[in-house]
Each structure stands twice: as structure tokens, then as C-alpha cells.
Amino acid sequence: MTAKVDASPAPHPPATSTATLTYREALREALREAMAADERVFLMGEDVGKYGGSFGVSLGLLEQFGPRRIRDTPLSEAAFVGAGIGAAIGGMRPIVEIMTVNFSLLALDQILNNAATLLHMSGGQLSVPVVIRMTTGGGRQLAAQHSRSLEGWYASIPGIRVLAPATIDDARYMLGPALADPDPVVIFEHGSLYNESGTLSPRPPAFGLSSAAVRRTGHDVSLITYGGSLGKALDAADTLAAEGVSAEVIDLRVLRPLDDATIAASVGRTHRAVIIDEGWRTGGLSGEIATRIAEQAFYELDAPVERVCGAEVAIPYPRHLEDAALPQAADIVAAARRAVG
Amino acid sequence: MSPSGRPAAKPAAKNPSRKPPAADSSKAAKAARNAAPRRAGQRVAPSDGPAAAAAPADPATKHRSDLLAQMVLIRRFEERCVELYSAGTIRGFVHVYIGEEAVGVGVTSALSDDDAIVSTYREHGHALARGIPVDAVMAEMFGKTTGCSRGRGGSMHIFDARRRFYGGNAIVGGGLPLAAGLALADLMAGRERVTCCFFGDGAMAEGEFHETANLAALWDLPLLLACENNLYAMGTPLEHEHAQTDLAMRAASYGMPAWAVDGMDVLAVENAARRAVEGIRAGNGPHFLELRTYRFRAHSMYDPDRYREKAEIEQWKKRDPIKLLAKRIGVTAAALDELAHQATDVVERAVAAAQAAPSEPVEDLLRFVYTPAETEARP
Amino acid sequence: MSPSGRPAAKPAAKNPSRKPPAADSSKAAKAARNAAPRRAGQRVAPSDGPAAAAAPADPATKHRSDLLAQMVLIRRFEERCVELYSAGTIRGFVHVYIGEEAVGVGVTSALSDDDAIVSTYREHGHALARGIPVDAVMAEMFGKTTGCSRGRGGSMHIFDARRRFYGGNAIVGGGLPLAAGLALADLMAGRERVTCCFFGDGAMAEGEFHETANLAALWDLPLLLACENNLYAMGTPLEHEHAQTDLAMRAASYGMPAWAVDGMDVLAVENAARRAVEGIRAGNGPHFLELRTYRFRAHSMYDPDRYREKAEIEQWKKRDPIKLLAKRIGVTAAALDELAHQATDVVERAVAAAQAAPSEPVEDLLRFVYTPAETEARP
Amino acid sequence: MTAKVDASPAPHPPATSTATLTYREALREALREAMAADERVFLMGEDVGKYGGSFGVSLGLLEQFGPRRIRDTPLSEAAFVGAGIGAAIGGMRPIVEIMTVNFSLLALDQILNNAATLLHMSGGQLSVPVVIRMTTGGGRQLAAQHSRSLEGWYASIPGIRVLAPATIDDARYMLGPALADPDPVVIFEHGSLYNESGTLSPRPPAFGLSSAAVRRTGHDVSLITYGGSLGKALDAADTLAAEGVSAEVIDLRVLRPLDDATIAASVGRTHRAVIIDEGWRTGGLSGEIATRIAEQAFYELDAPVERVCGAEVAIPYPRHLEDAALPQAADIVAAARRAVG
């Protein structure tokens, strides 16, 4: 499946101008491009229309594409996610926005029991080319019920692909191949990223959804992360560099399927790894990645793999407690030091 | 919002009688033949009056004979499944439709070939009525590659994308949002197709029903909500599932036309479904049919059926949909036997073919988790 | 099933006017004072007629003054929260109730102290009306240990178990099943208590509403379903949320008494809530109130409010529940100013106390994930 | 939390007679005992009454305790699970049965966002003493939507305790302490176990919910598992013994919190571990346990930890494919051989 998606030509001529824009704008441009390119693409979710999406991603799209293709839904996560799945089977290319991952539990039956499973239980007859976007993560003092990181659960579901754009480029370019994928794709946008801004690179010629990216090269320790924690890992790498520790930073980008090769290659060079995941430590992605490293590079490892994860608690409201509950650059630095030790 | 979709003011029975509607009231029979869509909350009387005398060549008669043959085939298919289950050949959860055939046959008969169907785990009847070959459905029961889902699905997951039969869903209520989405795709593409979703009385208590009903009515989706009210959800009787047991009235509260139909009378079912489908194609949004029926056997092959009175079952069996139609259209016992015989032949050939068919090789276990690369992503 | 719970036969408006009910119709005022429970689908007319002249010592007058003071306090509290949010002192999502105070104050006033309340993220008004000290609620906004949830919850998660105030739930619809459970516990224990659950018009589209409404009606749970219909779910207007915009009629379809109330008129709200609570205590199962109200400010502090017309907001502000009641009970502008002044004092003291209060030590991050061993497991 | 629950005296005098009974009967006796002992305990779920529960566990209880305390619910997983949570707060001790874990997704919002979170977001005010039971697992040809093992997701949720009784004794004795726990407890009953029968031991004096059990001692390799896979691991140990490999078998019993001490002690003795989990390999319990072993016993390990897990596919209906999708004794033997090398 990987090869196919990667090999597919970029649906549009690569953008040539480099512009400065926010993560939010990059997502919006991607939506705009996809809607303009393919009549079958439409966006549906709570308040995606006039409101512009709960985090403003789709602002202006209603005016451009009209209410037929920018569809406000009632508060009915199971129904509109399920309807996206059905519409995908019916020949459309729906993009379904769930406001945040916290509410996606209400649609998880549809995502697991239908989207991820229809192809197999129909013996290969029903591909489900739906794209489901949602905000994830903490860091904005939104407290217990609005701050979860459940990407690990989604990344464990066979039959779907899971993306976590952490950069302006990925926010801008991942949607195209996600829509071209014949199977369900779930995209996690970390809430702390929307206002980040940066320069957009020209579209890479074969922009793919299969590989992790080395965001910074190094040789002493691999910092492996994704989404909202990438910036913290890069900050940590700066601090470590000042101490003479050369950290490589891996951005997973794709949480399912995991790019084992890039991870193993990095750890093969550094012999030490720190995994940073905002999700709970127990039973999440961090354990999976650590185990895969051990399975694939057991004799390469010079130290136990370190994990820097979200605390096992519902995120509390006060800033200082929330900060303590989430991975911070200082925690990453400390873990790297232990690994290099 | 059509005014006929409004709940009727008259209070509905809180505890509907578990007795089947009385048979052989000729007034009622006439009513059913005329079968105008009923307002929510009104019951449709049974229509098993005296058989209409008709020449054999008459297309209407031929059509009725065809409906009868379909019901007989489904009955025979499932009786055989029960045997095969007892013999250990078919496994898993198997839910038979015996007694409810008029519902699936009548509703499906009102659909065009390019309308879509979304069904439940109790879907053999829907699948066969849809025209999925008996061989393919039986092979699916055997888990063979010649099965309509290549044997991966089994009894609860019958699929045939070419015939727009989208499962076979074993999560109660889980097919409803999916069906809304299929309908939405048609609406957006400007295709005049209808999507029909079958579900049970029990499913109406699920949140997914509510959300789908509201969404469909709000967006005027071309969706036929076909509620098979067989008075029980597993062992739980209707009045322990729903505060408002008049299900058509509940559905009407979403602002959609909704009416109840005698689900033992295939002609009444077909007539009502046609009216509903017409309304949907005319752009009037979703319609709801409460199809009042009864399952003659236990919930599944797993179920000892401790919760129903024998007498109740016997009472309903008197209104066996096959017998009712046979009587109405003047099919003799001998002719009915002959039909059963033909069905048996078809089913036995399917069994033999399924037995002989190959199993999926174990090496292919991980096929169909993702769409293979060679498949065109965008049809 | 009370017949008054039946949906009315008359069709409801599909697109209800966004205009507030007209003010100052004395016929309407009389109707509201008499305020018998309305049948589903009927609107309650506004009741802001000429002020009743009454002696200051009259307990009824005192009660009304008290309601007024509560609304003024809530208003002042939230206006201060808005300032503090803009100053960056309060963070997270903050949803103010400004304009809707009559709903929370009127409904809560009809409850006894040992009745329970389950609320939403827009719950400052409910919490203060319940009598949770202003200091504790304000400290919660600051995230301090003196907050009613020790500061862990913030604006969206106000709890006070001793006052049977069970949150502060930020999943739309998520409090409904919980409230049904609290009611079930009372029913099973033979306690004559009521549980009141507040939720919005938007929440009614969620599956959890449907499942809870059906379960509550089926089991005759002592549950007051208090739907705050402010015509919008975030930026989505009612008619894009619901196919049937007459929410009381929809609720009545579950077979429970349901009626609509002018939610800007605290006396009408209180009266309606009292009738409902009486019915619930009399063992008649859940009751539903559609409280027609409007929020004067944006959905949350995050929301630029691009989706409503200025004129619509101004129109509704003419029926500000505080002004309406003040006028009705003959409170002068000066007296109202004085009330506001007093409220400001209380709020400012709460702000000062919250500022001075300690924060939870970071070492305690993992407290309250599990009940500590020293706690008695079984109360 | 652990100490408290364990220290609590057995609520009833230990049973003295040893009897042969099925796992189903053991569960039923536990329910009967709990209902008889405490008026606040009640059972609610779909078809728990006359039908006797979808797998017959509660058969006869309606007759004994009446419909007030054995409550059939409508098909409304979110509402009746949420109602169980509310009733627990309201002073009752509800036991909520969800027919199978597959349908529990419909109630996951209530379990995570309410049951697991209310205590924390109320600042310690609201304990939620609810017990939620459900059937899990495959092996009965029930196909894609009825055969999942999602225990790993539940075991990752802070605020709840997760149990997986694999023996007659645990089926019989775990419910008591689960009800005594002030916090939510989720109990997974593997569908293949209901008809298993065995001899009931007398109730242990301080029967607890904190520790894993060593079901067979050995010194060459630790087979770590739970629930429906325990029998397969024991079978594998027999086979291995015949080959001269001495396998220790650990039954986790409690999936949250994991008993790290027992696991580490076992691996400390054997230096090799095989984890058997019917759930998907990626992102489940197996990776978590393997990672913890590496974290706690990195320098003790003589070989990478092996994982024998469910295949990453929705379980297919045919017997031979389902068998291939689930861990089998032969797979465990092969993995142990690899580990022992």
C-alpha cells in the first residue's frame, strides 16, 4: 500500500513560490486545493461552515465552495463520521472533521467497526477512501476532557493509516496523498500548532506518506517523536548540542504504519534512543516503538530506550500542573543525558 | 416536512399486543390492497383476504408467484443452514429470518437494482431477495473463497458490492450512519437512487439511530429506514426496550413520513415500500417503515429461547407469510410443495458447490486489510 | 405515560423565528403568571407585564428580589471573568451564561437542596445559583486549591459533591447518562430526590440524549431534563442542527411530559420547573423543559461570533432577564445599581481571595487519579 | 490504591468446600454472593434477565433477585454504562454488563471521559465505584466485528483498574474486591473460557487484585500472558518441557496496574521472555510489557523479548484463518525456542 501512495504523482503541479504562512493556513490551502481539484471532495463536520471550524481551519471555504460541499453537521459524531464512511463507499471523497480527538470516542465504533473493517469483511470489495481530521493534544489549559492524546489507539487499528503533520509543509502537502489513498486516513493536528508559522517549501516531487523524516541529524542519541512534541525535541537538541551531545531528531509523521527502517537506521547510528510521546506512557505508542527498536536493533542498543511521555492523569487545568503532565524540553534533555550517560 | 409525517394525536398502545393481527378480515384485506401510506401510529390491517382469482399469464400474478418463490427459497435456505449448523458445518453466530421473509422480499422488491441496501446480521433473506446467487451466499456460510465475501465474513457479513449490497453489519445500529452516507453520496452526485437500511426494533434505542434519523431528515437524504419490528431484541420484549412502543410515531417525531405495515403480508409490505420509495425519489427525504413481523425461531442458533411463550409463537405461525400469500393467490398445497422442492434442489446444489469449493489459503490471512496497490484508488 | 406527553398534532414551525417573543403583552403576562404546564409544541408567552405592586415584607416579593440578586451576581461574576480572561489571568475555554441567567436561577430555585444537578461547560450560573460560594467558583477559574474542584477543573469542571453539583461536563451530552444514573440510584434507594440535568439545544442531536431520554422514560426515572435552547450550538443555528426544531415536541415523543418555557422570564421558568419537579416527585417519571433563551455573548471567549446578526442580538437584549424581572417587581434603576454594586463587592473579594490562594504543588500532580487508600470505600 | 484493596478483609467467610464448576458458574456464584451481601449491588445490561446474559452468566439471578436488581436495558450502551457510573456516584454498587468488548466502543466516551476522569477533575470529590464486565476475544468463528481484544486500550486508561480472570478461582473471587474498590473496575471475560471447568479452591484469606500469578514455575524462559491465552501458554510449556526447556508461565490477572515486580522477578530468573497477547501486536499491551521488561531488566535480558500476538487483521470467519490470526501454542513454542536460541 505504501509504494502505491508514494508513487502516485502529485495531483497538481508543484507550488513554486515559497511563502510564509501558519500551520492553520497551510491546512486551509490544502483543503482549498483538494476541493478545487476534485468535485468529489467535500468537507463535513461541526461548525466547519460560517464558524470556520472550531480552530478556524476552514474559514472562508463556505464562501468559496458553498454549503453543498462545506457541510455543517449537527452534534452527532457517530452519524456524520459514519456518513463520511458511507459517502466514501458511494464514490465521494469526504473529509470529515471531528473537532477534537476527545469527542472522537463517540465515533470510534464507526471508525473501527466500519471504516477499518469493511474492506476485510467484504473479502476485498469495499475500499473506504475517507479522510478524518481531528485536533489532538494538550498544552492550552483546556483541562481533563479537552486535552487528550489518543493517537496511540488509532495507530493500533489495522486497516487505517494515521498521519501527524508537525510542520508547515506536512500540513500543506499531506492531504493530497491522504485523499488519494483508497483506505481510511486519520489525520491528527496538534492544537498547539495552528498558530505556528513558517516558510512553505515547494511541493516535493514525490511527496509520500510512508516515511518518517530526520528533522535534525546527530550521532549520539535519537530523539523520536511526532506532532506537538517535535518542537520540544528540537529545542532539547539545541540544549544538548550546547552540552556537546549530538542529538538526531526523528519526526515520525506517519503513526501507522510506522517507518521501522528510518527508526532502526537512526538508532543504528546513535545506539541510544529517547521516545517522546504526549500520550500516556502505559500502553501507547512509546512502548510500541521502544519494543520495535529492541526487536530490530537489540544488539545495537547501548542503553535502555528512554521514554518521555504524558503523565498518567487527566490533564489538570492549571498551567503549572499541565506543564508537569506533558513532556517538556527539559525532560527530553534529562532523558537524553541518562541515555548517553 | 410533509404533514403526513407528523405524529398522530391519538395515543398509541403502550404495551402492544403480542398477538398477530387477526387474519381473514376482508375489509382489512381491501384496505391493504389499496394500501395508501398510513399516518404514523396507525396500524395497517392484515391483507390475507380471499385469493384474487387471476389468469396465470397476468404479469401481476406472475409477480406474486415470484415473491412467493423468493420467500420459499429463503425459508428453505435457512432451514438448511439450521441443519448445517447443528451438524457443525456452519459455525459462528447465525441468525435466521424464518417468519420474517415477507419483509425482506417485499421491501427489496420495491427497490431498483441500482438502489443500495445496508443490512444487519440477520440478512440471509435480504441478500437472497436482492439476487445474490444462492451459491455465493451458501459458500459464505461455509467460509469458502466462492462466498460472496470470499468466506471472510460468514453469516453476519454478506456483501456484494456489484449488487450494491453493503453488508451484513453485526453492530446493532451500526449500518445506519453508513446508509446515510451512501444516500448522501447519491444526493450530492445528483443520482436518483435510494438507499434502504434494514434494522431491528432493538436498534432504534441506539444513539446511532437517533443521530442518523435526525441527519437524514435534516438533509433530506434519499434513505428508506426499514425497521423490522419483530417485537424482541434478543430476549428483551419491545416494551422493555422502548418507552414509546409505537415506533412509527417515534420516527415521525424527526419530521419524516413514517408508517406501520403488516410485515407478514408481503403485498402490503411491497406496496408500502413502493410508496415510500416514490416519496424518496420525489425528493421528500427519508421515509420510515415499521414492518411488524415476528421471528419463528430463536434469536440465533445460540439462543435457547427461554423468554417467549410457545403459544405466542404458535399464534404468529398461523400468519406465516408464505402460507398467507399462497392462500391469497390461490396456490395449492401441492403447488407450494413443488416450489419447496425446487428450492430444495437449488439449495442442495449450493451446498454441494460450497462443500467442493476451495478455502482461502492461510498465507492470504493478511489480504484485504489495505487495498492492494494494483487497485485503482479512484474509480 | 401521561397524555400531556403526546406530541401535539399541529405542525410546528420548521424555522422558528430568531426574534425574541414580543414584550409587554399583558395578556401574555397573565398567561405566564398562571403558567400551567404547557403541552409540547406550545410556546409560553413572555410574562414581563407591569410590575406587581407588593409590600416589601411579603415573602413572595422577597423571593423575587432574591432571584434578581442571584441573576445580578451571576452576571457580575461572569463579566469579571471576561475581563480576567482578556487579561490572561483565567485561561482555557470559558463559556459565559450572560443572557441566560433566568434559566439556571429559575430551575435551580425549584429544586431542593438534596436534589442533584448535572451541568455543562457553561455552568457558572448553575453553580452560583446552587449556592456554591463565589469564592470557591472564582478560585476554580484561577486554578487554585481553594477552588471548588481544587483548581483541577477550571471553568468547565465545577464540582461540589456536598451540594450535589456533579459538574461541569465538557463533552456535549456526556452528562445525560450520568444524570440518569443518579436518578436511578435515588429510585432504587426509595429516596424522593430529583436529578436535574442541564444541556443545550445542540446536545439533543447526540445519541447520548436519545438513549438517556428513552431509558429515563422507560424506567420512570426522577429526572428533570432541562434543555437550554439558546438557538445555537456554537455557530450552528437550531434549524441546521435539528430536523424537528420544536424540541419539546421531540422530547414528548419518548412519552414524557415536555413543554416549552420563556427562558428569559425567571418566574415563568421557576413556575414551570416547579410543576415538573412536582410531577417527578409524584412518580411520573422524567419531565422535559425546553427553556427558550439566548446568549448575549459569543459561544466562548475563543469565538469571534461571526455567525449572528448584530440586530438579532440587540433584539434579544431588550428582553434581558435581569431588566425584565426588575421591571416586573418594580425595582428601580438605582436599586438595581445598588444590587450590582453589592455583587461587584462580592466578586472582587472572591478575585482577591483567589489571587492570594495557593496553587497545588507540582508534586501532587498524580493525586486524584485513584481514590487514596485512607478513604473509606463504601460511604 | 493497591494496598488498600488487598488489605481489605474478604467480605465473607472463605468458602470451605471445593467444588467442580465452570468459569460461567464461578462468575454467576460471584454475582450471587455480591448481590446477597450488599443491597446496593445490582446488575444491569442487555438481556441479563430472563435471557440470562448473552453468554448465560446471570441465568437464574432474575428469579432470585427480581427485576429491580437484575435490570434488562435497551440497546443503549452509552446510556446504561453512563447510568451505572451515575448510580455509583449516587451510592449504589452497579455491575454493568456490556455484552462484548466490540460494543463497548459505544460506551467508551462514558468510561473514559466520565468514569475514569470524574475523580480527578472534581479535585478528588467523586469516586466512581462501578464494575463493568464484558466478554472479549476471538476463537469462536464470530468474525470481524465480534472477535476483538481491546483490553490494551482499557489498560492504558489512568483512573480505572482492569482485570482479566483466566481461572475458575479468579472468576469466582475477583468480583468481591472489584466491588470493594472505590474506583471503576473493568473486567474482561474471555469468551472461550465460559465452558471451561475446574475445581474451585477455598477463598484465599487475602485475595487481592494487585499481583500477577506464577501459574507454572520454570527457569529458561518466562511466558507472560493473561485471559484466553493462558491455557495455550500452559500447553506450550508442556511441549517445551518435553524438549527440555523449562518455561515459567505468568498470568497477569490485572492488566492495570501491571505487576512489574512479578514480571521483573521472573525475567530476572529466566533472562528470556515471550509475551502472548491476543490483541493486535502494534500499540497494544505486548509492546508495553516488553518495554517495561527492557526498562527494568535491560542488562538481565539474554535475548530480545519475543511477542506472540493477534495478527493485524479483523478476524476472518473461517476456522483455519481465525486460528492463524490468533496466538496458538505452537507459535508460543516457536517463540520460546527463538528466545532460548
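First chain written, first letter: the chains are A, B, C and D, and each begins at residue 1.
Just so we're on the same page, a residue touches a chain if its C-beta (ideal position, glycine included) is under 8 Å from a C-beta of that chain, and two chains touch if they have at least 3 such contacts.
Since the structure is predicted, the reported quantities are computational estimates derived from the model, not experimental observations.
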item: Contact-richer chain pair (by C-beta pairs counted) among C-D and B-D; value: C-D
item: Most remote chain, CA-based centroid, reference being subunit B; value: C
item: For subunit A paired with subunit B, centre-to-centre distance based on mean C-alpha positions, whole Å; value: 41
item: Computed distance of Cα centres, subunit D from subunit A, in Å; value: 32
item: Interchain centroid distance [CA atoms averaged], subunit B/subunit D, Å; value: 38
item: Of all residues in subunit A, the ones touching two or more other chains; value: 74, 76, 78-79, 102-103, 106, 109, 113, 120-121, 143-145, 158-159, 312-314, 316
item: Sites on subunit C at which at least two other chains make contact; value: 151-153, 157, 169, 171, 174, 205-208, 211, 214, 218, 240-242, 369
item: Touching residues on subunit D, where the partner in the complex is subunit C; value: 1, 3-4, 8, 42, 68-69, 73-74, 76, 78-94, 109-110, 113-114, 118-127, 129, 158-159, 180-183
item: Partner subunit B, residues of subunit C touching it in the complex; value: 1, 3, 6-9, 11, 14, 205-211, 213-214, 216-218, 240-244, 249-250, 252-256
item: Contact footprint of subunit A on subunit C as seen in their complex; value: 91-93, 143-144, 151-154, 156-157, 169-174, 202-203, 205-208, 233-236, 240-242, 303, 306-307, 359-360, 362, 365-366, 369
item: For the subunit C and subunit D complex, residues of the former touching the latter; value: 116, 118, 147-153, 157, 159-161, 166-169, 171, 174, 176-186, 188-189, 207-208, 211-212, 214-215, 218, 367-375, 377-379
item: Subunit A - residues contacting subunit D, complex; value: 102-103, 105-106, 108-109, 112-113, 116-117, 120-121, 143-145, 148, 152-153, 155-159, 256, 258, 280, 282-292, 294-295, 298, 303-305, 307, 312-314, 316
